[in-house]
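Consider the two complexes below, in which subunit A is the common component and subunit B and subunit C are the respective partners.
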Partner chain A sequence: MTSIWRRQSGWATPTLFILPAIILFGVVIVLSSLQSLWISLHDWDGMGAMTWVGLDNYRELFGDPQFFVSLKNNLIWLIIFMAAPPAGLGIALLVNQQIAGMRILKSLFFVPLVLASVAVGVVFTWVYTPGFGLLALIFSAFGATAPALLSDEHFVTFAVVFAALWPQIAFCMVLYLAGLNSLSSDLIGAGRVDGAKGWNMLRHVVLPQLTQVTFIAIAITAIGALRSFDMVSVMTQGGPFGSSSVLAYQMYEQSIFSYRFGYGAAIATVLLAIMAVFIAWYLSRIIRAEARS
Partner chain B sequence: MSSLELRQIEKRYGGYRALRGINLRVEPGEFIVMVGPSGCGKSTLLKSIAGLVQVDSGEMLINGRDVTKAEPGDRGIAMVFQSYALYPHMTVAENMGFGLRMAKRPRTEIDAAVGRAAQILRLTDQLDKLPKQLSGGQRQRVAIGRAITRSPEVFLFDEPLSNLDAALRTQMRVELSTLHAALGATMVYVTHDQVEAMTMASRIVVLNAGSVEQVGAPRDLYSNPVNRFVAGFLGAPRMNFFEAKIVEARLGQVSVETAGLGRFAMPVVANTPLAIGDTATIGIRPEALKLVGNRDGAHFSGAAQLVEYLGRETIVYADAAPLRCIGSDTGTGNVTIHLPGIAQLETGASLQIAFDPANAYLFGGAEQRTLSAPKTI
Partner chain C sequence: MYPRPIPPTARTERRLYLVLVIAILVVWLAPLFAIILTSFRSSADVANGNLWGWPTQFNLIDNYTGVFSRTPMAQYFLNSLLITVPSVIGVLVLSTLSGFVLAKYRFRGNMALFAVFVGGNFMPAQIMMIPVRDLMVRLGLYDTTFALIIFHVAFQTGFATLFMRNFVAALPDELFEAARAEGASPAQILRHVVFPLVRPAFAALAILTFTFIWNDYFWAVVLTISDTVKPVTAGLANLRGQYVSEWNIISAATMIVAVPPVVMFFLMQRHFIAGLTMGAVKG
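So, the complex of A and B:
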């Protein structure tokens, strides 16, 4: 027994260690993705029999104006969310200064991270409330009337993204703070001796040491923008008239409220395909980085 | 070539006084090596000169210009770090030219300066490589090249050779001395390696607990240390120290008595604070001890506990009870003897040991100052 074990342990030990993760990943990610793809080829109400419809769900999807509204909104999310990494870096640089009172400020910037995003959504819904919300109070201080952001189809997506941006910036700030703490003090010293100050120091000495952090911040922010769901669900339920819906929310709405699991699965599959682009970019960079080291 | 002057430099970290009133004048073209045990403040002092550490009080002048409050980049210094601190994303040429680029010098001037430095350091073929493609020794040379390119008034080195292997370290030591001779620049060099200090320095500064203990040429410091600390710090293997009692005190001479060594007379400086009955410390360098054939000429005897053959020299650790060394690293009380060549000795061999009292040191008083008469070099 022991001799068999010894002979096989070259591959057996690593396999045993990887097995739990493989099984979990296989069941939760790969199997459910495949099942979702399978469902998307059927007409199904979630309980009854599944009817094979081939690519009909996809044909309907690409003729559905709501799909393109959601897709456009996801694009808006993605573009505006890209403000989170630079904003997070800016705040991290600010609170990283050795000034009295910075600890308190730093912990204040941490707040949105510990809040549930549902709570953030509720808070911002209050802020946007016409009449007595914070925004309305600010506008009335200047003698103006605040627009009802969440019921205006042109502003609503921007209002929701803005609310979601808050915790996202805080998240990027934490990433950059960790990165700033691991900067080499000798390199900073060398930069100072070489006469680099302010922008030059940031551009030529600090930022090059933060490329890994920046990469992670951008990748996670992009995926966060694409899978946004909770804020839309809490603040607008996709309204008014679906104008603030995103792909993830539309999928949920079609599946749960309209009992159209096949159609919902088709949306999920398209979303997965879009995300796969970013995930492939992320993985290829990580694999290249590992190959280098 | 520029001078550097430090006046009453003080630095505190909270309640801890890292630098305690440092005064030092470095003449143009000098190679100053600062040595001291870990935590003595030598690196803090170097970083203060660089401006990377802001001092609490005191003045710092480079070529007579007050730079105490100046930014590191405006002081006219260049620094070589222990970790090399090369910018990892820049090529060798970009690393070396970065200082001039920050100073907004024209492209042609930067290229010329980088080319010159690369030629001196034999880096011409490496200019387009990234630091990670270089060996440790090459990276070290790039760091030195980066300093040369800025043509600073004062070069600062922070333990630059401690990350290199022994063979490369010896080679770089020679290269740095050659470089100093070629550039004629003022250099301040921090190290904990006393071989580097002894071989490269015009003058050595010995630091201890944030204060300068002694400044002087290597030979002076070795032969005439001002106190027991400097005597114990310079020289490897370390000086043997024995506790002794003063049994007779006359002008210019005292007699001391030690358990195991007996009584002998030593020439001392004119005004010693010593009186009969005081305790003092006798110091004898391992190379001042000799093995003799019989008991008659010997001062003490012992048994070899450990024999280290180093080829051209042999180091013997001897148990010479009742004579016991104090303050030794090992705490065994063994006496260290440094013999030239290969001494054929077995462990446990009985040894008869002698020395010339004129080669011994006497330290006494509250600060353990050197009280024995100065040695002629």
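So, the complex of A and C:
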């Protein structure tokens, strides 16, 4: 009897320890996410009763031209964002030298990473401001006039993604710097003895040792690209005429401004389905690594 | 080391290399310089398009006091602190408890729980938006700092649990076995073994979650509407609409939003980087 009590009390405290985290995370994050799937099958203005509509929201979505604009923009984000890992690696290689003063320069390269995305959005809106901004200045130095990027439906998404790349490159650079510091000096030395240099060394000796870093950089960059909301909201509010909207922003707009919560939930569900591919890829790698250790 | 280090004897080469890096850095940070420079200027300079030449007058003090006296920025700043500081403390407490249990107790579902905590962190915010907003409305917390604190603690606990779990798991098992052999209860182990040893993890986690929460914009606009509750990020977005052409004021406001995380970063850089790259280099 006492031994059973002991064993139970041995479990009671740990359970008590983990319960607050489980309850809070379970209710606010997990349950909410599942609830959205349920809401997406209803018509709901956020206040009154929900009306069951089955898959109607999804049917409407696949006939909505704005949905395809947002989807296309999400794809543009995803593709251009893939420049962040190689660019981050490039800067990491550049600053990975032990020279007096290099440490502070390195830290300054990190700065965009800790800026609020709202701040980055404002900074680049200023850079792109027609007539005044940094871009206009550069163009006028060549005797040209800069296009008004943020009000041109063909350029706008590229302009926003380019701004968002700034902190993302800094993030990848941090990852790669950590990776470069954990390289095996034996392998590098052996490569040098074999006469490997520059590009060959990078490709055949260095990069193979950085696969874990590269994987994390790509996975997190992809997830970040698909999650993009702040920059679109701050820089363009999806405009002009919805041409720079992405799924995350369209969802917000439909729910908060048009009170179409069911439709919004359906957009969120589609976004989640797309992201689930990358999340599952990331999780399976992480868990396999855990199981090995 | 890769790339091959430039030898200390090659003085000129080293100096030239440093100049090259500085040149690239200047281009890299040019957008930021543009904002800093603008936050010094007078409205007259901005209106006349004198943005890169020498300022006709320095309005540094006027602009920054202007932000605080003409706009609710001081209130936003206070709100941000009232949201961020309690959230960070909440995250540290919850994740130490849960990370310790996940790291040192074997039970069925341990791995599944771990996966849920990690996976939840990568979800798009929009998938939780409607139910979370609805929950806060029903609890009567919508448009209060508590709504944001509760959400941030819940969300960041996912990442933080992963972080603390890995940190505690790396502590030697012998310590825990010795404590147990001496009859220490889980609470005592937590107090006398875990707490003293996880201090560096606390520092890393605190600076990371501070940055994440301070910089949050989405939940700020979803869960708050009043100026008395709004944090700086949502506040700045508001000011942009009100002070459309007063770029000197907007630039100063942007600096006020940007500075706290940057200062924290420079104070605790080592911890920040260690926290961010955890898991990236090992395994």
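For this structure, a couple of remarks:
Here is the rule we go by: the second predicted complex is superposed on the first by the 256 of 293 C-alpha atoms of A that agree within 3 Å, B and C clash if a C-alpha of one lies under 4 Å from a C-alpha of the other, contacts with A are read in each partner's own complex, and residues count from 1 in each chain.
Keep this in mind: a residue touches a chain if its C-beta (ideal position, glycine included) is under 8 Å from a C-beta of that chain, and two chains touch if they have at least 3 such contacts.
In this text, all values refer to a predicted model and were calculated from it rather than measured experimentally.
Contacts of A:Pro208 after superposition: subunit B is touched, whereas subunit C is not reached. In the superposition on chain A, A:Asn200 makes contact with subunit B only, not with subunit C.
Of the two partners subunit B and subunit C, more residues of subunit A are touched by C. In the superposition on chain A, contact of A:Gly189 is made with subunit B only, not with subunit C. In the superposed pair of complexes, A:Ile79 makes contact with neither subunit B nor subunit C. Once both structures are placed on chain A, subunit A residues 192, 205 are touched by subunit B and, in the other complex, by subunit C. Note for the complex: subunit B touches subunit A at residues 47, 50-52, 71-74, 77-79, 81-83, 85-89, 98-99, 102-103, 146, 150.
On the side of subunit A, the complex with subunit C involves touching residues 10-11, 13-15, 17-18, 20-22, 24-25, 27-33, 35-36, 39, 46, 91, 93-99, 101-102, 105, 107-112, 114-119, 122-127, 129, 131-134, 137, 166, 171, 174-175, 177-183, 185, 188, 192, 201-202, 205-206, 212-213, 216-217, 223, 226-227, 229-230, 233-234, 247-248, 251-252, 255-256, 261, 264-265, 267-269, 271-272, 275, 278-279, 282-283, 286-287, 289-293.
Residues of subunit A touching subunit B in their complex: 184, 186-187, 189-197, 200, 204-205, 208-209, 211.
If you check the complex, the residues on subunit C that touch subunit A are 1-6, 14, 17-18, 21-22, 24-25, 28-32, 34-35, 38, 46, 49, 51-52, 94-95, 97-98, 100-102, 105, 107, 111, 113-120, 122-132, 134-135, 150-151, 153-155, 157-158, 161, 185-187, 190, 211, 214-215, 217-218, 221-222, 232-233, 236-237, 240, 247, 250-251, 254, 257-258, 261-262, 264-266, 269, 272-273, 276-277, 279-283.
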